[in-house]
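Below are two complexes that have chain A in common, paired first with chain B and then with chain C.
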Partner chain A sequence: MTLKRLRPLLRLRPVAPPSQRLLIRSVATTTSISTEPPVRTTPPPCRTPSLSAKLPALHSRLSLHPAYPIETLARALVHSSADADHRFNNHTLATLGDSLLQYLVSEHILTKFPRLPTAIHQAAIDAYAGHEALDHLGRNTWGIEVAYAPVAEVDAGLLQLKRLPPGEAPGLTPDSGVTVEYAMASAVRAIIGGIYLHEGGLPAVRQFTRLHILSRKLDVEKMFLIKKPTLELSRLCAREGFESPVARLHAETGRLSSHAVFVVGVYSGKNLLGEGHGGSLQEARTRAAVNALKAWYLYSPLEKDLPSKTLEDPKVEFKPAFIDAGEVII
Partner chain B sequence: MPVKVLPAVSKAQNGVGAFVLQCKRLEFNYCDAAGSSRGMKCSDRLFLKHCLPQFAKQNPAIEMHVAPRPSKHPIIRGVYINGREKVICVRNLEHNQVLKKAELLRNSSGLQLRKLRNPVQSINDSVRGIFSPFHGPKHAL
Partner chain C sequence: MRPLTRLLLRRSIRPTPLRVSPVQIACFHATPTSRYASEKSGLTQRLRQKIWGGNAPGPEDPYTTAEETKQVEEVDMAGYVAAEDGRGLPIIGLPEKLGEWALDTYSPSEKVVDTEALHRALHRAVVETVVLQVNGRELDSSFGYYTPKDAETLTDNVELSVQEDGSVQIAFPQPEAEEAILSSLQEVIPETPAEDETVTTEEVAASDIAPTDAATAEAEPVETAPEATPVSLGPPPAYLENPTHLSIPLPSSSFTFALYKRILQLTGHQIPDGVLTRARTVGDLVPSLIAPPKPKKLSEELEPLLADLPNVRLFEKKRVGLDKETELGRARKVDPKETYRYKGIDPDTGFIGERPYSGKVNDNFY
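Moving on, here comes the complex of A and B:
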């Protein structure tokens, strides 16, 4: 879109009332990383990690390297809503950890399921590295506890955040408070960012991600909701140059009873693409088409080589990943 | 777009990949005066003085709390990642018996004790699939 076409849109944007304008200005001052520390409205959270017994326990529970300092671990547990000063909160560490995590998880899914539709690929990344998954990881697997309020006397081993008041929607900035889920996810990301900084870069992060995040169980097969399976399958066959799919009855029982069962296979020429069962011929045919599409989209190469290993050692032998034409567009 | 997403969240499988000890805190309570805390504190082979430092060193993933609990029997309380607590009363126990109880709490997963009726529990689908009478060789009567 050219600037000329954008201009009317810009003019049409409503002007914020004075109270909101003030808010926007204050947002701008707090989000930019300035050399001057921002004006503090609440007392600073605990800055004495050496007094906490929880931090060494968490350090050991995650099997972090001795080179990973307790102070960084403590900083990873301070969300930016608890302390707006970027020198003391986990904002920068979490940003670093998030980039690494998104890269490693997306690379893992892309090489494992190269034919996955984009929407499912994104959802699978979120299932491993989204807020909800990382919150589960931090709270229910690592056992990170949450401080009630980020006051000065609080134990440095607790996650510190300003809680969102009940019934309020989270704002653009953390000043109004955040949900525990969001803060916990940022703490997990920040811990991973700390591993990158202190434990020797990408190899350590890869190892940690493999052990703690990619080892979690996810059924990608159950994330599909295919609206028009038969149409999509015939389009797929046309695109790939296969013969158009035909449904054939494999077995049936009780056609005239109230509990009929049909088993239908979908064939392209002589090749069986998928098989499904159902209480009616239509249901069985649809299920067969869904199974055929899932078999196509969930193709997984036997030999998978992750591209990130070449970042560690450029001379290492690497087999490029399979790249698919993409999902079928109807 | 024909393919829609059913959002999901990955499930934890502790021990597949990394193993995280489920006991996160052990609290040791004792009474200075009462005789039931003898093995915990008052005899010449004190648990808190001689066994606990080594036990804590062997289990760095567990946070150890020691606190008096006057005029009460001594207890050990285990706090677990799943949010549950387990308490064992160690009244009149010797220091090595107290250590056994502490190890019991350390090794526990924090789940409630339950009878496992099926020897195998898994969140994975069966490799063989569900039996189907429509497949395989036909049965002649």
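Moving on, here comes the complex of A and C:
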């Protein structure tokens, strides 16, 4: 498995960043009194990471290596809506971080659940590395604060973005604002991109991702929505060459009462595929079929090698991952 | 008389002060006082004659002042430019410039501020007062205006201590020290300046070839101030390390007052009466002279510790809400054009002012 090719960067109209815009000013003549503010000779606070106390604190909270500069961390917090110049915003870093993150999360899920249906696989990747997940991570876990507006006096340790006005839809123009969620996710991706650049490449990113992203709990079994479980199970058995599934009652109580409990097992021949309970025989059978399908799709091999292992050391012994035929098509 | 004329006469005689017009009243008050001068032979004079019988004190006409008889001085106004402010104008009434008062004071014009110098002065004062008392001198009149107060080291090595039985012991380094101290406290009254001037002019007239000799001759009668010995010469005296002189009791109020006089003369510091009367030892006077150092502020204590921390930012002023808002990018300058400016109601057109958010003037206030 190889890294995804980096998306080509869009060439936008060159616009001077706030730091440069403040320098490019008409010089007042000596005879007239200038009402404009004086020409700046130092960058404004929003571009001066050394003035911020939040950046070293964030650096320490994330346990970043001393080789990771504060300046890159500050750049990672500047969204392209705050500064259109790609030399000063986090666009490129976020692209790199996003590519790395998507790759590492997808290989983790693929090797862990090789039989997972595609839609659930995508949903699981989003749950780990999507906008909402990274926004929650950045805002609540990492404690990145957000600036109100991308003005010059803003602290360099705040996430800088141009906010989307309420009621508006995000646009595609450079001047349109973005949601805080989107900007925060881009900042998290950019920080990860910075780790790749400054802390020695993939091993550091892998460790960081494992600690911060993949350590989060995800109930994959709750992400299933199977519409016709019995049909799907019978198709699956037919495809795999198993005997067609038969539902057998394991236990029951209170059949004639208002609260009956039936425990049904679905068998393929003599092998129990799945068991379920319910208030009626049908419900119990359905649940048993769902459990059988989940047991199939959520198969996780005990020993697995991550493909990125070979990127670090091409000569290492690699056991290929289990590749499934795919989900059942009804 | 006819009744009508009688009525008319009566009406004219009756006083009618309310009907006097204001203009007339004003004229009445504005009449020059010299009008009364014509009445000197009138009522006033007759009264004076009756009261005093011819020998009346004071001027005959007390209402005419001397100023009125003075002639107004004619001044040449050519080239006169009225001043717009007081800068550069001559100040009349003060022999010296403002701020320069050539008054002699008992205490020096500048207070001694150095802690070590204060301790030295205090020790000196205590030693001198004790020496005077031991020798039976009159304390009340000992320290006068002309008692020398220049720096000296006679009292430096004199040790004062309190014995176990409560008595004060004074130890001199040499036997002659006591006499030297007593003689140093003799008042030295300087010569009057008039005598010096006559001497000077005579000397100058006699010989112009040797001006240096004349200078020395001038200098002899005048009291020359001995060169001030620097206080920091030599090793620090023992009393600075071991201030036994501070535990000496103050035996009498005259002793205390004499000591205070000497302290004032040497240091310029004043001690409040309450402190003087309540003081039992010399050490009780020290807090009035030497204040304890101000306690360190927490910010001063913490600054060296916090300055090295990268995640701590120190500010000189207290951070207020506006600072936080500025940091977040939320603070906005109030645009005066956007405020509602009310300038009044014109009876014809209605509202006068600026309401940029509405284009139409609304006259319907009721």
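A few comments on the model shown:
Please note the rule applied: the second predicted complex is superposed on the first by the 283 of 330 C-alpha atoms of A that agree within 3 Å, B and C clash if a C-alpha of one lies under 4 Å from a C-alpha of the other, contacts with A are read in each partner's own complex, and residues count from 1 in each chain.
The rule we apply is simple: contacts are C-beta pairs under 8 Å (C-beta built on N, C-alpha and C of every residue); 3 or more make two chains touch, one makes a residue touch a chain.
Values in this document were obtained by computation on a predicted structure and should not be read as measured data.
Legend: residue contacts after superposition of the two complexes on their common chain; A:L197 is shown touching neither chain B nor chain C. Set against each other, chain B and chain C differ in how many residues of chain A they touch, and the higher count belongs to B.
Applying the stated contact rule after C-alpha superposition, one finds that A:L51 touches chain C and leaves chain B untouched.
When both complexes are overlaid on chain A, the residue A:D155 reaches chain C alone and has no touch with chain B. Of the two partner chains placed around the shared chain by superposition, chain C is the only one that A:A147 touches, whereas chain B remains out of contact.
Of the two partner chains, neither chain B nor chain C is touched by A:L306.
Touch criterion met: A:S60 reaches chain B and chain C at once. By the touch criterion defined above, A:S215 reaches chain B but does not reach chain C. Within chain A, the residues touching chain B in one complex and chain C in the other are 53-54, 56-57, 60. Listed in rising order, the residues of chain C touching chain A in the complex are 310-313, 326-331.
On the chain A side of its complex with chain C, the touching residues are 51-54, 56-57, 60, 147-151, 153-155, 158.
Partner chain A is touched in their complex by these residues of chain B: 1-14, 16-18, 20-22, 24-25, 60-65, 81-82, 123-125, 132, 134-135. Across the complex, chain B is touched by residues 53-54, 56-57, 60-63, 117, 119-120, 122-123, 126-128, 130, 132-133, 136-137, 140-143, 210-219, 222-228, 231-232, 250-251, 253, 261, 263, 277, 297, 327-330 of chain A.
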